[in-house]
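Okay, got some structures for you below.
Next, two complexes with chain A in common: one pairs it with chain B, the other with chain C.
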Partner chain A sequence: MNKKGDKENRRFLIITVGLVFLLLLTFFFSMFIGRYHIAVKDVFLYFLGQQIDDVSGDVITYLRIPRTLVAIMVGCSLSISGTIYQSVFNNKLVSPGILGVSSGASVGACLAILFGFSSFMISFSAFIVGFIAVFLTLLIARLFNNKSNIILILSGLAVGGLMSSLVGLMKYLADSEMQLAEMTFWLLGDISGTTINDFWILLPIVIVGCFISIILSWRLNIVSLGAKEAKTLGVNYKATMAVLIVIATALTAVSVSISGTIGWIGLVIPNIVRLLVGSNNKKVVPLSMLGGAIFMVVVDMLARSLAPNEIPLSVITGLIGTPLFVFAIFKRRKEIQ
Partner chain B sequence: MKKLLKMILCDVMLICGVTTLSSCNTNSSENPTTITVTDMEGTEVTISNDVDHVACISPSATDFMISFGLGDKIVGTYRSFTYNSWAIEMYPSAANYKAYSYSVSAEELLADEIDLVIIQDTENAESFRNAGIPVIGVHQYSPTGAFDDEVFDTARLIGDIFGGDAKIKADAWIKDVEDTISDIQNEIGITNSEEPIYYVNGEKAKGLYYSDGGNSMISRIYDVANVRLATEKYEVLNVHEVSDEEMISLNPYAIMIGGAYQNILSDELTTSEVWSNLDCNKEDRVYRIPVCMLGIENVSCETPVMLKYTASLFNDYDFDITVEVKENIKKYFDYELTDSDVQNMIRGLDKDGNDMINE
Partner chain C sequence: MSTILQIENLSFAYEKSNIVLNDLSLKIQKGSINAVLGRNGCGKSTLLDCIINFNQYEEGIILLNGRNIRDFSNKELARNISYISQSTIINMNFTVKEFISFGRNPYLKLGSSPSKEDYIKVSFIAKKCGVEHLLEKHINKISGGERQLVFICRALVQETEVLIFDEPTASLDFGNQYKLFDLLKLLQKEGKTIIFTTHNPNQVLELDSNVIVLGDGKILCNGKASEVLNATLLEKIYDYKFIKEHNVFRYSKYEKQKVNNGGKPTKNIG
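On to the complex of A and B.
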């Protein structure tokens, strides 16, 4: 048993080191891959503090570094959020938007676009309405006076449906040539206009969220067993659930408010990670963080490189995520049966 | 005698009958009740010759209609035109035009008793036609290739549909543009300059990365001025918006900003960290495009001015913009501009020196 445990730990360590290395590698690749050609040598010189041509320096400083850092934060947040929700609801097919946070954030963003607010206000409004949507979900679930998670999921679906209708209404009211295009792009995910300030907004929330998630990852294992088992093992089920849901919601809301709604990451990455290290959240949580960050950096590189204009992020996450998800299901088909 | 009188009467009646019949035929060919034209999409459209209620959902076509003396036939136009202060200044009745969007419904047009729609975006054309309203599609670009002869199509179609004085004025404008092009080409020659000019289409609030493709009017204007549109290669993809990196990789020799949003965009461009080190920005080769009833880079009565202005920016071509703008506006709209008016137009401002944005 110990030998098996050691082997698994060694495997976890190797995968962790491998993913950290891969993240650094994708970050470096992200500095020279794009529509504007920058030589690999220039990227090295830039990071060594040497002089490179002004325009290349500007592209790295003001475009590629901010959006790559934001991509890391967003990928990391959505993956952790997906991992938490899937464990809390004991359903591996749950995505971060299950309690209505993404659709709520969409309403907030569309509302701000409709009123012509600034990009900061769009993010702020998305964040606030995302939280309001989750609060509404919890309120509806409470009305049933039923502690089953199914009620919570059903409430989330109902609120999600309501929010989708409101988004539809706002798209209908929007100016077809300006606001509608902006809404559509936001709803499909976009980090092309992000600045380093967006990274600084994300950083503290993502760091705190990741830190608490890692600390609570063993409790996440227990919570996923159900209320009775958790109590038996001395864990305050309700309080732990509440903390975990707040963290997952905050991480999703803050990410979506900056990048727009990006599908698949929170669903696919945790499932792929479980294929590699099993269902132990002590391993799944940190590896999902790394996996989500790498995935998102790659998606962003493709979004800005494949065409003269930006391709919405959800288009690419869907194209890559679908086969990955099918692969994950296929590999775990026996478990599912 | 009786027989002779009968024969004479018969002959007279016959002659009268034939004459009447032949004169009827002449009338019907000279003033037919309908006219058939082919619009810029290649669609044959049959229109009544007594069109009186036009939904002119194209700023370009509205500019021509006002200039050709047809402004009173317009019921509504594209909404940006309705808050263009220069349009209202030069043609006060434009203040009464209804504001339409490209997505206007057939029912609304029927309620407005529209008997002809001239529209830039033909997405809903089929529903208008199904409702019995003829639709003429006009464009600022060519759906098939380079925008050459199509430059004249909007004016030509309006002349053909309304005939008479409108036709004479449309032909005069076409000749004016042709003469301007040959005058420019005689003076600067025809070269295949590779200097890329990045054009910012600031008609709407779509930012610095919204431009036009190679099959557009602006590309045609640049051809005449011996420069090329930096985004010309995107005509195949019909991409109008490039990414920030793509724009930087185009490394434009100069930037021209047009439309109502040009002042906001110009400020954004000069203060942007990403754009600051581009040669065109450092060497002050960022130019505004004057605004009149619409941005003069669009197909309009102001096209001769735009052709000369662009040629003068990138070639050794003498051009006094103040004089030319004044003369052009007088010629096509019978309106006297002051020097201050012209300066405001050049800076993309309204008569009072304010931004032309209406949000």
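On to the complex of A and C.
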């Protein structure tokens, strides 16, 4: 048995090292893939500190590095958030928006677009309203005075529905020339206009979120068994749940506020990782971070290179995510009752 | 034998109008096996939930080795009392080894996971309960009986003095029920205190453990099964006539004939 345990640990280590290598590779590819052609040699020279032509240097410094770093942060955040929500609610089909954070952020962003605010205010408004939506979900669930997590999910659905209606209303009120297009693009996810400042906004929240989720990853397994089991196994269920929900919500809210709503990542990546290493969150949490980051960098590369214009990110995540998700269901078909 | 668990004047209600436990007092002896018996909805599981400090009761006190269980931290209580539920839904694909190792959580610091020593304990207990061959399998891919044994392994890995089982025989076949009882007796010999709920008085009679009979939120009787369980008591609990034959309770022939005749009694009373 110990030999088998060692073999499993070795497998985890190999997958981790493999994914780190893959992330570095995709980061490198992301520097020369895009509409403006940059030679591979120039990218090497750039990172070695050598002189390359000004335009290529500027494209790498001001466009490709920021958006790739933002893609890494967003992919990482949404994947961890999905992993946490799925474990907390003991349901592999839960996505990061389950408590209404994404739909709330959409309302915040559309509202800011409607009032003609700057892109920073759009992000800020999305972040704040995202949190307000989750707070509303928790408040409604509390009114029922029921310990079941299903009440929380149902409240999230109700708030999500309300927020979708508000988004619809704002689209209806929007000026069809500019605002409606901006809203539509935001709602489908877009990081084409991101700057290095967006990365600096994301970085502290993502670092804290990753750190706490790694610290709590083992306990996340026990929390997934439910309140009674967790308590009898020595876990302070309420406090742990509160920390995990705040972390997952903050990660989703900050990502969505910068990139717009991006579907599928938080749902698909943790499930693919579970296919590889099982459900132990000690392994699933770090691998989801890496997997989500890689997936998002690849999606962003495709979004900017497949067509003459930028393709919205959710379109690509949906096109790649759907078959991956169907594959994950197929592999687990015998467990679905 | 000394008292390990003492419940004094415990009352609990899910809603104010629906009192489930009413001024209940009880002493559990160290190293004893205790079966909690009673009809559906009489408060068996509620009582267990109070003992594990899950139900927030407003009246009464529960003492573990003389100390109020509410003064224990979650981890401290989990080092003293382990609990096995019938209704745990596991949607994640944990391996049996991972699942049993969850029992080591009360001994782990924040941020740590089970060590090699912990996994050695897991293997040792799994071997003792005869589930060593299942360690690498997924918890949702084993049979109901095996799953029950795995849950017991988790409780044993928790190294607690008191083990609480909510209807441990509910999903077990005939053979596995007796294997479970053998295991309970073995644990009793090792000094563990066991409390479990059941719907089958005959099992309690065969085990000849201590029995706590609940009814209307109170304890109807508490004592050695062979001494306190009788047909009159069972009739009072289940509102049906029983007779005792060869140390097994059966339903009364009279009642059987009554059922067969659309509720009208026939001539003889069996």
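Just a few scattered comments:
Here, the second predicted complex is superposed on the first by the 337 of 337 C-alpha atoms of A that agree within 3 Å, B and C clash if a C-alpha of one lies under 4 Å from a C-alpha of the other, contacts with A are read in each partner's own complex, and residues count from 1 in each chain.
Methods note: a contact is a pair of C-beta atoms (placed from the backbone, for glycine too) under 8 Å apart; a residue touches a chain by one contact, two chains touch by 3 or more.
Just so it is clear, the structure is predicted and the values come from calculations on it, not from any experiment.
When both complexes are overlaid on chain A, the residue A:309 reaches chain B alone and has no touch with chain C.
By the touch criterion defined above, A:59 reaches chain B but does not reach chain C. Once the two complexes are laid over each other on the shared chain, residue contacts for A:116 go to chain B alone; chain C is not touched. Contacts of A:203 after superposition on the shared chain: neither chain B nor chain C is touched. One of chain B and chain C touches more residues of chain A, and that partner is C. Looking at the shared chain after the overlay, A:319 reaches neither chain B nor chain C. Across the complex, chain B is touched by residues 34-37, 54-55, 57-59, 61-63, 116, 176-178, 181, 192, 304, 307-310 of chain A. The residues of chain A lying in touch with chain C in their complex are 1-2, 4-5, 87, 90-92, 214-216, 218-219, 221-222, 224-229, 231-236, 274, 278-280, 282, 332, 335.
Here chain C touches chain A in the complex through residues 49, 52-54, 74-75, 77-79, 81-83, 85, 88-95, 97-98, 102-103, 105-106, 108, 110-113, 119, 123, 132, 135-136, 138, 140-141, 158, going by the rule given at the top.
Those residues of chain B lying in contact with chain A across their complex are 101-103, 204-206, 209, 231, 234, 237, 239, 241-246, 248-249, 251, 273-274, 276-278, 359.
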